[in-house]
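Okay, structure first, notes after.
Chain nomenclature is as follows: A, B, C, D and E, assigned in order of appearance, with residue numbering initiated at 1 for each chain independently.
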Amino acid sequence: MNNQPIVRIGAKIMIPFIMLFALYVQFHGDFGPGGGFQAGVIFAASLILYAIIYDVEEARKIVHPWALNIFLGLGIILYAGTGIAGIFLGGNFLDYNVLAHDPVHGQHLGILLVELGVGITVTCAMTIIFFIFARQEH
Amino acid sequence: MIIDNFILLSILIPLVGSFLIALTGRWENVRESVTLITSCSLFGVVISAGSAVMAKEKITATLATIMPNITISFDVEPLGYLFACLASFLWIVTSIYSIGYMRGHHEKNQTRFYTCFALAIMGVMGLCFSSNLLTLFLFYEAITLCTYPLVTHSGTEEAKRAGRTYLGVLLATSMVFQLPAIIWTWVAAGTIDFTAGGVLNGHVSTGLGSILLLLFVFGVGKAALMPFHRWLPAAMVAPTPVSALLHAVAVVKAGVFSVLKIAIYIFGIDFLGLLEAHTWLIYAAGFTILIGSLVAMRQDNLKRRLAYSTISQLSYIVLGAMLATKAGILGGGMHMITHAFGKITLFFGAGAIMVASHKTEISQMKGIGRAMPWTLGAFLIGSLSIIGLPPFGGAWSKWFLCMGALDSGQLIMVAVLMISSILNVAYLIPIVVQGFFSELDVKEHHAHGEAPAFCVAAQVITAAGCLGLFLYPEPVYQLLKIIEM
Amino acid sequence: MIDFYINITLLSFLVLTAIAITRVRNLFSVVMLSGMYSLLTAAMFVMLDAVDVAFTEAAVGAGISTVLMLATMALVGEKEAAPKKRFSLLPITIVLITGLVVVYGTSDMPNFGDPAAAIHNHVADVYIAESGVKTGLPNIVTSVLASYRGYDTLGETTVIFTAAVAVMVLLGSLIHPKKREDEE
Amino acid sequence: MLLSHLPALQVVLPLIAAPICLVLHHARLAWAWAMLISWSAFGIALSLLNRVLSEGVISYHIGKWAPPWGIEYRLDEASVFMLVLVTTIGVVVTTFAKESVEKEIVKEKIHLFYTCYLLCFAGLLGMSITGDVFNIFVFLEISSLSAYALISMSDDRRALTASFRYLVMGTVGATFYIIGVGLIYMATGSLNIADLAVKLPAVADTQTVRAALAFLIVGLSLKLALFPLHSWLPNAYAYAPSAVSAFIAATATKVAVYVMLRVIFTIFGVSYVFGTMNLGPAILSLAIMGMFAASAMAISQKNVKRLLAYSSIAQIGYIMLGISFATVTGLSGGIVHLFNHALIKCCLFMVMGCVFFRINSTDIKDMAGLGKRMPFTMAAFVIGGLSLIGVPSTVGFISKWYLMQAAFEAGSWVIAIMIPLSSLLAVVYIWRVVEVAYFSPSPDGETAIKEAPVSMQIPIWVMVAGIFYFGINAEFTLDVARRAAESLLGGIVL
Amino acid sequence: MSSLGLYNYWVVVVLMMSGLYIVVAHGNLVKKLIGLNVFQASVFMMYISMGKVAGGTAPILDESIKVYSNPLPHVLILTGIVVGVATTAVGAALIVRIKRAYGTIEEYEIEKHEIEEEETNAAEGLTCF
């Protein structure tokens, strides 16, 4: 769609807002609807939009595939790592109470971290899946 | 030392022997020496325990506990010991014979042949000394599987087909009848150990006992009771030493031995006598005896004729067991020995003829005795022993079997035994007669002489055995007498 | 009562869409219909107080899935062949039996929305009562998702990861420069 | 300190290892990593086994949330048995995979292979260890999705359709399972297995619970390929890469059987399923039909891997047969057969991997004379085959003995006879291969075929040793199986 | 709302049946996959319906609210949706590969190809034996 200036400019304006919204959904999930998964999907949507407008190979230059692969796993490791941190701090696996001095704070921190992990993995996974589909040849 | 580990040694020796044979396969002289040494040392070990067995010493060994309360374990009792002596002695003779035969016949895959042979003997040894049904079953199946490559030895389409029949019948009967019977016994009686007097009495009704007996006797397909006899003629495609030792002695005797053992130690002859089924089985055995002989008369292929003769003779032993009297068991046990010597002699003869003249059909063997007097002479002695004429071993066993039949009032069976003897004469003696007295068919074949020396030697030994068994039946008789029933 | 009518309307639309999906043979329309179906479902979820789920369904079902199916269709063509087989009784039977068993099972359940149902009074009540205190978060769904049943969510994240890896396996990783697939 | 958290690590270790494996991006390195992880998982499983056998049930509360509010790990004899089984197979197959995968899969994808492999491994472990019905679903999906990917990695295009069919049927099965879970959740309000077992009796006599049972059983039957819901299995096993066939055949359906056991015995309880609902005869007849029909189909196969796949369906029949008796003997027979069959099938599929490695085919016709050219490999095939038939002194015999004993104890000698009868069919299909391999002349003019590499031989012979060892000394497996059966039959595990 | 009775569930059953019907009866792989989606979505709806409490609101704590709907089904279905999209992605990728390998995504045509392949194999086999 390189020859559609309106679409291109419109997208250019929209993409940052979508990303911002994703961040909002990510961190506001504790209070209202939303959370890591939804945020991840929305964030991925912004990248997908970029790829649709500017071609996948262009998008690949912006988000490097290696980075995608690494972050794809990093989300899980962050999640499981938070759980394992619980073990090292004297609790059970995924026990957030021990993460901070106060159990409620610990829970807060833990949930934040794991939601972030979910968000990262989902973003990367969705982006990867779409990019791969998009660059297939007929 | 030897006595303590006697059982394990007698199983290990052939096993180790088979490994060595496989390893030394490249050098045939070494390989065959190994075979001979193994067989001789096995016989030595077995015979060395003779006095201990006579003195009823308890020799036991346990190899493993497979399942809770179910073990692979062995003990020595007279019947099994007798069979072990028989098999280990005849293995020596057959080894000698094989050397002549296999070389004379230029067989391929000889290493596989000797290896599997030794393994089969191992199976027989384990079977002889097994002290419970599971161990018996284990070695029973081992024998089947180790002899399968021997049957299909030549690899021809015919051999493969025969192998299928062989494996099919033996595995099918053992798995579908025998194994359920064993497990049923275990569930009903709580034990599957061979115990003097039997284990089933009091645990099962006579109706269930009858079913179990049928399952057991037909389940031991190696006893070749009709209608499960087809595998035996099929197995005749194997090289003759295999037919001689395995399909006239080791394998089939393993079958009837199992029947005897189950009759004595699982049912107990008292309980056996109470069962409806034992009468049916007596008739089944009688039927097999007669039909087997009749079919044998119609066979032109020598080995097939001998195979049907074996089927018929095996049923003598089954009959002996099913009579459920001491004399019957005695006769059955004795027939196991005498028939072995007689039949192996006949098979040796058949093989010797095949090696020397490449003839397999009886109708081609006219006048062959002039070229091969030793072979045919031994054949005559074997025949007479099978028929049951003095002064050869077969006379004793038939005598005892008749006694047993009279004891239990089975007059018909006495008649069956008599008729069968006449039939034996009818299908065995003409071979010898035409061999010696017909004109040799010279134009058809190139002239040939006597079989290789190894073959002749083996025949002479077994023929002498037939005679010896008549003159000195005492050891056999004594061993069989001390069986606790 | 307005809820009730919205509910009925949505459900009717859902049924219509579902039936349309079975009938229509142009795959492009089917994909669009399934996107619609997802949106209707999401609306339905809002009606049933499941805002988080509605959000997700809208983003995933109507968004990602539709895009994905469109991408697939671009690669495989968009026409479904007319059925070649004769009408077969087997699928109908399977489907009817399944449906009947569900009806059988649900007809013994407490009425829709019944607050006395076991489901509301065994585990969930505790979440509602104590999650606010224990985790300090007002969104119960988030605290259950990330903390009480955080392990499920770890699994869920792994599922997404697995899907990404599986797609890499099947269609080639992004890392390698663009080229034709080596399988053929 | 870590020791008390081993249950969590058992699953989390391979789970974390997968993303790391993804970035390793080097074939050998990925393999070494998978090897390290599977050995560690094996060690963990053994130590857990030891602990459960000596101390009894372990309950581990994830996040320190007490069940039923949080997710619980519950390790009793049955689950620990599965852990040991899966990790053993994992170690063996990983060793085997090195050469096999290098041959069958393009180099750039090998690290992806091991990533999927670890995920599948983690999924199966997660299913065996968890005490929460919904958590089972999540891990079921992890293992299934990775299995679809693994199967499709083969060169054969039929693997793709097989994988797709597996995906469709597997998803339908999983969705059925979820419907069942939903219904029991509706009836009780709980998802925790132990808690469900307490809560269900009160509501057992409702249509909801009955329908739930139906959905759970049908869904799981799809997953474990109970006849006649097996149609996804033969092609999936036959055309998958060799290492995958070996791994999945030995574990995936087995874990599904385990979940079925949990559902039937722990959640619903034996008296409900076999008493009130009287499902015994239904399971029994399907099992027997499967034993015969699948064996018969195995006989007509031209491809040995496909043949083995059909045989797997038949063997599932044996396992379900044992379960259908609902007695300690029958159930322990079923569980022991689960283990034994895993050993046998893993061994046989690995043998086929070796054969494929050398001759690029697993068709029977191409195996002529292979007995001479690959003596060790084919010897292992014969031993595995004999065990499948149930020859004494191999593991197959033990399970058959137990199943028959159970049949006799249940007073049904007809069924007892059925078991060896169907084994005869196994004789036929195994012997077709043996005959060709040993007694047919090898095709002339073909380049010499070497024996398979040592690294592929070792795992095979480890399995062969296992087949003999547990066939001659089955006291250990039987003891664990019996205890597992007793704990399952005891209703709630205490 | 109680007047609804079980109406909600039964509509869900209809949706479920149509989804399953597409999976079982249709030969087009894309359609199958969509059927699977419909099937799963209907199950999700069943769960969410079970979680509804009459007069309740979304389970987000607020001082002024007394009755909340059941949050647990929501959590489960969030997971379920993710699993669903993951399956769809893998399925779609498989379909793309199948299209490339067979040139079609109609089940019966694929079967035809496979049977042919099998037969050519068998023919070779016969000459070999």
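The working rule: a residue touches a chain if its C-beta (ideal position, glycine included) is under 8 Å from a C-beta of that chain, and two chains touch if they have at least 3 such contacts.
In this text the structure is predicted, and so the values were computed from the model without any measurement.
K.L.:
With subunit D gone and every other chain left where it is, what groups do the chains form?
P.N.:
A, C, E | B
K.L.:
Just to be sure I understand the contacts, which chains border both subunit E and subunit A?
P.N.:
The shared contacts of subunit A and subunit E, listed by label, come to C, D.
K.L.:
Work out per-chain C-alpha centres and flag the one nearest the whole-protein C-alpha centre.
P.N.:
Chain closest to the assembly's C-alpha mean: D.
K.L.:
Taking CA centroids for every chain, report which one is farthest away from subunit D.
P.N.:
B
K.L.:
With chain centres set to the mean of the C-alpha atoms, which chain is at the far end from subunit E?
P.N.:
Looking at centroid distances, B is the chain farthest away.
K.L.:
Whole-Å distance, subunit C centre to subunit D centre, using C-alpha means?
P.N.:
Their C-alpha centroids are separated by 30 Å.
K.L.:
Using CA atom averages as chain centres, what separation in Å is found between subunit A and subunit B?
P.N.:
Taking the mean C-alpha position of each chain, the two centres sit 79 Å apart.
K.L.:
Nearest whole angstrom, what separates the Cα centre of subunit A from the Cα centre of subunit D?
P.N.:
Averaging C-alpha atoms per chain gives centres 36 Å apart.
K.L.:
Cα centroid separation between subunit B and subunit D, in whole Å?
P.N.:
That gives a centre separation of 44 Å.
K.L.:
Identify all positions of subunit C at which a residue touches two or more other chains, and write them in rising order.
P.N.:
51-52, 56, 60, 64, 68, 71-72, 75, 102, 106-107, 109, 117, 119-120, 123-124, 127, 138-139, 141, 145, 147, 149-156, 158-164, 166-168, 170-171, 173, 183 - these are the residues of subunit C that touch more than one other chain.
K.L.:
Multi-chain contacts only, two chains or more: what residues does subunit D have there?
P.N.:
15, 18-19, 22, 62-63, 134, 138, 141, 145, 148-149, 152, 179, 185-186, 191
K.L.:
Where in subunit E do residues touch two or more of the other chains?
P.N.:
20, 33, 46, 50, 58, 60, 72-73, 76, 78-79, 82-83, 86-87, 89-90, 92-97, 101
K.L.:
Please list, in label order, each pair of chains that touches.
P.N.:
The list of touching pairs comes to A-C, A-D, A-E, B-D, C-D, C-E, D-E.
K.L.:
Could you pull out which subunit D residues touch subunit E in their complex?
P.N.:
Going through subunit D, the ones touching subunit E are 134, 137-138, 141, 145, 148-149, 152, 157-158, 160-161, 163-164, 167-168, 171-172, 175, 178-179, 182, 185-186, 191, 302, 363-365, 368, 443.
K.L.:
So in the complex, which bits of subunit C are touching subunit E?
P.N.:
Residue list for subunit C touching subunit E: 3-4, 7, 11, 14-15, 18-19, 21-22, 27, 30-31, 34, 37-38, 41, 44-45, 48-53, 56-57, 60-61, 64-65, 68-69, 71-73, 75-77, 80-81, 83-85, 88, 90-92, 94-96, 98-99, 102-103, 106-107, 109, 111-115, 117, 119-120, 123-124, 127-128, 131-132, 138-141, 144-145, 149, 152-153, 155-156, 159-160, 162-164, 166-167, 170-171, 181, 183-184.
K.L.:
Show which residues of subunit D lie in contact with subunit C when the two form their complex.
P.N.:
By the definition above, subunit D touches subunit C via 15, 18-19, 22, 62-63, 65, 68-71, 106, 108-109, 112-113, 115-116, 119, 122, 126, 132, 134-135, 138-139, 141-142, 145-146, 148-149, 152-153, 155, 179, 183, 185-191, 199, 203, 206-208, 210-212, 214-215.
K.L.:
Can you list the residues on subunit A that touch subunit E in the complex?
P.N.:
Interface residues on subunit A, with respect to subunit E: 31-33, 37, 129, 132-133, 136.
K.L.:
With touch defined as at the start, can you tell me which subunit A residues reach subunit D in the complex?
P.N.:
Touch list, subunit A to subunit D: 69-70, 72-74, 76-77, 80-81, 83-84, 86-87, 91-97.
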